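We call the chains A, B, C, D, E and F, going by the order they appear; numbering starts again at 1 in every chain.
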Amino acid sequence: MRLTEAEIEKLIEEDVPYFDLTSHLLNLKNTKAEIIYSVRESSVVCGTEECARIFEKFNVKVEKLVESGTAVEKGEVILSGKGRGDNVHKVWKVCQNLLEYCSGIATGTRRLVEKAKSINPQIEVFTTRKTFPLAKKICIKGVLCGGALPHRLGLSETVLIFRNHAVLKGGLKNVLKELPFLKKKAPEKKIIVEAETVEEALECIVKGADIVQLDKFSIQEIKEVVRFRDSHNPQVKIAAAGGIREENVKEFAKSGADFLVLTSVYFSKPIDVKVEIVPC
Amino acid sequence: MRLTEAEIEKLIEEDVPYFDLTSHLLNLKNTKAEIIYSVRESSVVCGTEECARIFEKFNVKVEKLVESGTAVEKGEVILSGKGRGDNVHKVWKVCQNLLEYCSGIATGTRRLVEKAKSINPQIEVFTTRKTFPLAKKICIKGVLCGGALPHRLGLSETVLIFRNHAVLKGGLKNVLKELPFLKKKAPEKKIIVEAETVEEALECIVKGADIVQLDKFSIQEIKEVVRFRDSHNPQVKIAAAGGIREENVKEFAKSGADFLVLTSVYFSKPIDVKVEIVPC
Amino acid sequence: MRLTEAEIEKLIEEDVPYFDLTSHLLNLKNTKAEIIYSVRESSVVCGTEECARIFEKFNVKVEKLVESGTAVEKGEVILSGKGRGDNVHKVWKVCQNLLEYCSGIATGTRRLVEKAKSINPQIEVFTTRKTFPLAKKICIKGVLCGGALPHRLGLSETVLIFRNHAVLKGGLKNVLKELPFLKKKAPEKKIIVEAETVEEALECIVKGADIVQLDKFSIQEIKEVVRFRDSHNPQVKIAAAGGIREENVKEFAKSGADFLVLTSVYFSKPIDVKVEIVPC
Amino acid sequence: MRLTEAEIEKLIEEDVPYFDLTSHLLNLKNTKAEIIYSVRESSVVCGTEECARIFEKFNVKVEKLVESGTAVEKGEVILSGKGRGDNVHKVWKVCQNLLEYCSGIATGTRRLVEKAKSINPQIEVFTTRKTFPLAKKICIKGVLCGGALPHRLGLSETVLIFRNHAVLKGGLKNVLKELPFLKKKAPEKKIIVEAETVEEALECIVKGADIVQLDKFSIQEIKEVVRFRDSHNPQVKIAAAGGIREENVKEFAKSGADFLVLTSVYFSKPIDVKVEIVPC
Amino acid sequence: MRLTEAEIEKLIEEDVPYFDLTSHLLNLKNTKAEIIYSVRESSVVCGTEECARIFEKFNVKVEKLVESGTAVEKGEVILSGKGRGDNVHKVWKVCQNLLEYCSGIATGTRRLVEKAKSINPQIEVFTTRKTFPLAKKICIKGVLCGGALPHRLGLSETVLIFRNHAVLKGGLKNVLKELPFLKKKAPEKKIIVEAETVEEALECIVKGADIVQLDKFSIQEIKEVVRFRDSHNPQVKIAAAGGIREENVKEFAKSGADFLVLTSVYFSKPIDVKVEIVPC
Amino acid sequence: MRLTEAEIEKLIEEDVPYFDLTSHLLNLKNTKAEIIYSVRESSVVCGTEECARIFEKFNVKVEKLVESGTAVEKGEVILSGKGRGDNVHKVWKVCQNLLEYCSGIATGTRRLVEKAKSINPQIEVFTTRKTFPLAKKICIKGVLCGGALPHRLGLSETVLIFRNHAVLKGGLKNVLKELPFLKKKAPEKKIIVEAETVEEALECIVKGADIVQLDKFSIQEIKEVVRFRDSHNPQVKIAAAGGIREENVKEFAKSGADFLVLTSVYFSKPIDVKVEIVPC
């Protein structure tokens, strides 16, 4: 996962559209400085490669870089570099902010995944399309570093039938009749159908959806659907979605669902990254 | 506040890079639909104008639009439109997601501001530069709709001296000696200095910084600084920063600080927006 | 399928970076003209919506527009508009060229699909990632209008194991051992494996790949694989790929493969579009 | 000829919008690989410099690179590099596809130019504006590598009067009356007039157009025009355009036209480029 | 001439990256206003169409618009619109500034062209490539509105041989030997050679350059070259370049040169545009 | 100050959209050349870092580079590099033009600042928002290198009340009543009010605007305002704006104003930069 050049430039533009007025007035141009980023809590690092690209644009030489995806302990240095004092100040907050958000998502994801797997090692965790608007790549990078995968990257590449589709086709029953047609038309895709009630879910299983996604089902309801699936059409996969968070993920992991689909990790608290700038 | 065309396009690109495969297979092109967004909780609306621009790109005609900044009750429709079934499906999630995040920040901001003002009607709330990377405009729009203001938009337009500046100039004492020079060089700007200890804060006050920003001070420490300010240099403004959240904002509002600087509203929980699509 | 604003602008930039020197010298600014696009051969129209957006940027009012995907007969007008003479000249070639390439791909695709289906109505046609560099959206729009679908839009959303993957994992046998793991890790995806020999294909079938993609197999070899699949693992889908063109597609349609994957339609000859400009 | 950074990024975005799911699942991050591109037919190489820029973005180190414009024999390696297994997989198809299209155009152009020159060494070959939409730079680079030149890059820099201009000025006769005026107004440009009939062509010659471009004339008609030019106004250059392809270029080369204007090389069949990835 | 969407957005971004803080604090959102642009000196208007596009983005409705290229008297309104008070303030300076620069160039160009033509009605004026960096379209639009034309838009479409080319080919004499080859290779182009001394100029005339561009020649030297041209090779065009400004253009117009090439109009003083905002 | 990648690319695109036709025809690809930029007048250098980035894109190796902001004497080399002949020709004019405009602004700014300070060493110079449209970064970089600062970078970060604001609030008197409110709402900002008459200025001083900006006041009027300020509210800063140029800056420097706000340096005559290309 890499951000585009345009994204790297936008990150800079957001914080340093022209110059650093404070450094300019203090004449920091004539100083040399080292900048050191360390974590104030144990974390999964994410975003250091992007920071290195930002450093480079301001001639700040990378001294140390911990690769995205690495777990680090509280206090560890994850990135450092040296350059002109004013340039070091230009990269400071852009990189700190990026590291805090990215690593926050990576860390939150990993924690959630580990909790889920501690209960059910076979379960997998996927994240929804509901990434922070304009920042999808950042969110997805965090999720990958944390050990989950995106559920669908967008509308163009997966078949997922919602009630909002069905209603335009005369209801779920009608749509389910088209399943054989859809499977033939899109043989490379799994056909996923979202169910909002247990009854709908059972019908999807009977009709042979590849995956039934249970939206906001109680643990009890999920279990009921899973039991039915096991006995009636064991090939169908069951996904649980809606309201799954670190606090309740163990419950869902116990429910028998094959995988979980969730948004909550995108709101993970940013990691607290300490930044020191010292003369050198 | 408006997003650029490029940002509107990027929002779409993130979710619909090519087409909607599900709608394509279901042949929704031949249907007509209405799409209706309503809030599942009382909220401050934000982002509807951007949604209207997204609607327009897919020939979905806006039927109703509640302006950004408006407070709405649970259940109220904030946006609706009509168009071809496949197009309605293309705008669905892009707009829902944008509305949820933007309105979340607007709502969270307003709630926090109201809490602060309920204690101290004179206090003002400002937000830091630590917006979600690549999504600064979205965050700032949310904050404005919520009734706060950005503290500094970037490095190019304000003078804010951190310890990380001072350290390159021989320490805070040295930098404070330059205050008269800085005030003369930048007569249109207020000179803000961040203090990390009470001692530093008092020194900034004595030396005549326009604003002293107290980083992570306890309420007790803030009060001490404010008292000193009142008696020694009442023109200096005191800003409190670091760790201020909805839960503790009333404490800070009582502290005597002139204004608060905080990041937490950017992590406001997205509003739950319900979306219905119906044939028409 | 819509092009982004930036793409529409780039289309214009490619042909009219500044102004139309000829029209400028001839002072066509003071004339009014109608521009009429018709096809010199029966075609599947594609790209008219984008042309309308280009028209709009030069204040050329659309008079007639045949929607993308429509089949038209030789001589039919597919697009016309009215505007200032110099502006009409600015849109002329940009739109003509776009229509010719897009409709060429749409027409070529439809012809190929129809040939394939005339032999085997159950067969589906998919197109590879090998679109004209920088012009992927144009190619995909053409393909959709022609009645095929893209095979995979990119690397991020599908699992397709090539020999070039296997070689880094110790060979195909080793990779096939990971199939159960891959299916569990990516339950929403079908696992596709490319085979380069009949032997490899049979092994993939035995091991339970969801889809086996046969690269450059003879019709005879495909048939052999299909027979084996039918008797050993009928759920596995067989895709034929490599060298499939309009001229030989019927052979492949007869082969028993479930679907075809091909690139050739991207090189379809552009449609010959006649453009008349007349005073009005 | 170089693509812009934005174009290089778009090439990547088209194929690897986020990450390579297959390599991710196979954990190729922990492997090292060499990637080797060779041609399966004798070709004129084009696009390797762009590939090197793509390699660099994924830390794939170039080992060998044959410069664009070089003629190579079947089997020759034109590009190779080494990097992490997952990164090598990200660049694979983007670069292969670019090389195939670019080298296809370069090779097709050179073959056509050589055929034309084998008949008439004085003849020159130019290509029209009808490049693949959004991919003009790629097409032009191919053409230059093949030994032809673009005829006009766009509307802003040349004077070429078509019937569609004339019709807004009261017909060709009227426009030809303006020739002296046009020559004075645009002294740095040659005035080119397109003729659609022999009669029109002769009139253009008589009136002193700098160049007469014959659109879709038969060889016989071209010869007739050339003879008239030779005897009546030998300074006028004669360009033949319309339907010129590798198959018939020798006929046109014999016709006496000074230069040829054609589109067909843009549709040259992409070169077959073999790509091997091996552990290292 | 139109700016791209991206350029229109950049104009806004340069002045209103987020919102108008002053209008926000003054709560002008609740007011309605008319904005009226008039010229404080007689001018050739340029840029109003772009302003209308900026107006549109802020829902300011155009009431009056004088088309680019129109000559207006002191005091005339060239643009006006109505909208919300805060929006009117957002467009104010962006549009004023654009109008002032564009109209300045248009007005300066027209004045210079008229002075030149008052002496020699046959002379034409062209402008160099030395436009303000990043603002080429704005400069070229101004020049066209003023009645001149760009000399060459860039390096890709014209043949202009400078000493800096010649020096890499063994000097001017060597390059001039290649003239017949160049004319054959680029039959659609005029071959322009820059001369820095009278001697060089005469040699270029003798050898048959299509155009000889005299760089920084005195009027006397130009006349000498023109006389030689008249007697030795009357088809060659003579261009004078270097240091031509409004103050001395009449001298150059008298020199006998066929056309003038100059940069000075790009530095034309911006027009003084008055802007009134009134409640409505 | 750095330009974005997109801006660097646009600079190139403006001059070399595809290739250098002249170098191509002269086959300069096979030559090696050095390119040397020197100033023909004593100057403050600006833009060399951007040129180095342009050099790099064409593989021209920087040999010498004088940093932006450096004062150089007539004849000094400010930039040189070596590369392939055709590439050297591609960078030639783009870089020359950038250096000429940027250094022109830097030099003009420094001259003006020095003149002002020679009279009043305490005075500071600021530049308005009226930068060349689309080229704001270039203008601001020049200004910084020249020793001035931008007055306000845009509307989003400063409070400056114009008559055009006041008129929507019932006039200046009404707005001045809101000063205490504005100061409280925007404690981090100085409140600047523009006065158009002496009377207005005095009122602003009395009411306690932080800064009063005098628009187009005579020297005499400025002095009157300053005297009033000194006696009535000495904390208020007085800015003089409108019509300040190098020719009259000394008068304004004597006026007692605290700082000057001006646009004129943006129109500084570009520096004359000599470019030699020599074989190597």
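Just so we're on the same page, a residue touches a chain if its C-beta (ideal position, glycine included) is under 8 Å from a C-beta of that chain, and two chains touch if they have at least 3 such contacts.
A quick note: this is a predicted structure, and the numbers were derived from the prediction, not measured.
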Duplicate of the A-F contact set - from C-E, C-D or B-F, the pair where over half of the pairs recur: C-E
Of A-C and B-E, whichever chain pair has more C-beta contact pairs: A-C
Chain centre separation (chain B, chain C; CA means) in Å: 43
Averaged-CA centre spacing for the pair chain E and chain D, given as whole angstrom: 31
Distance between chain centroids, defined by C-alpha means - chain E, chain F (Å): 22
Per-residue overlap in chain D, given as positions that touch at least 2 other chains: 5-6, 17-19, 21, 149, 153, 156-158, 185-186, 189
Residues of chain E touching chain B in the complex: 5-6, 9, 12-13, 17-19, 21, 24, 57-58
Chain F to chain B touching residues, read off their complex: 122, 124, 126, 149, 151-153, 156-158, 184-190, 192, 211, 237, 239, 258-259
Touching residues on chain B, where the partner in the complex is chain A: 7, 10-11, 14-23, 25-26, 28, 31, 33, 85, 89-90, 92-93, 97-98, 100-102, 129-136, 138, 154-161, 164-165, 167-169, 175, 178, 182, 185-186, 189, 267, 269-270, 275-279
Complex contact set, residues of chain D against chain F: 1-2, 4-6, 137, 140, 144, 149-150, 153
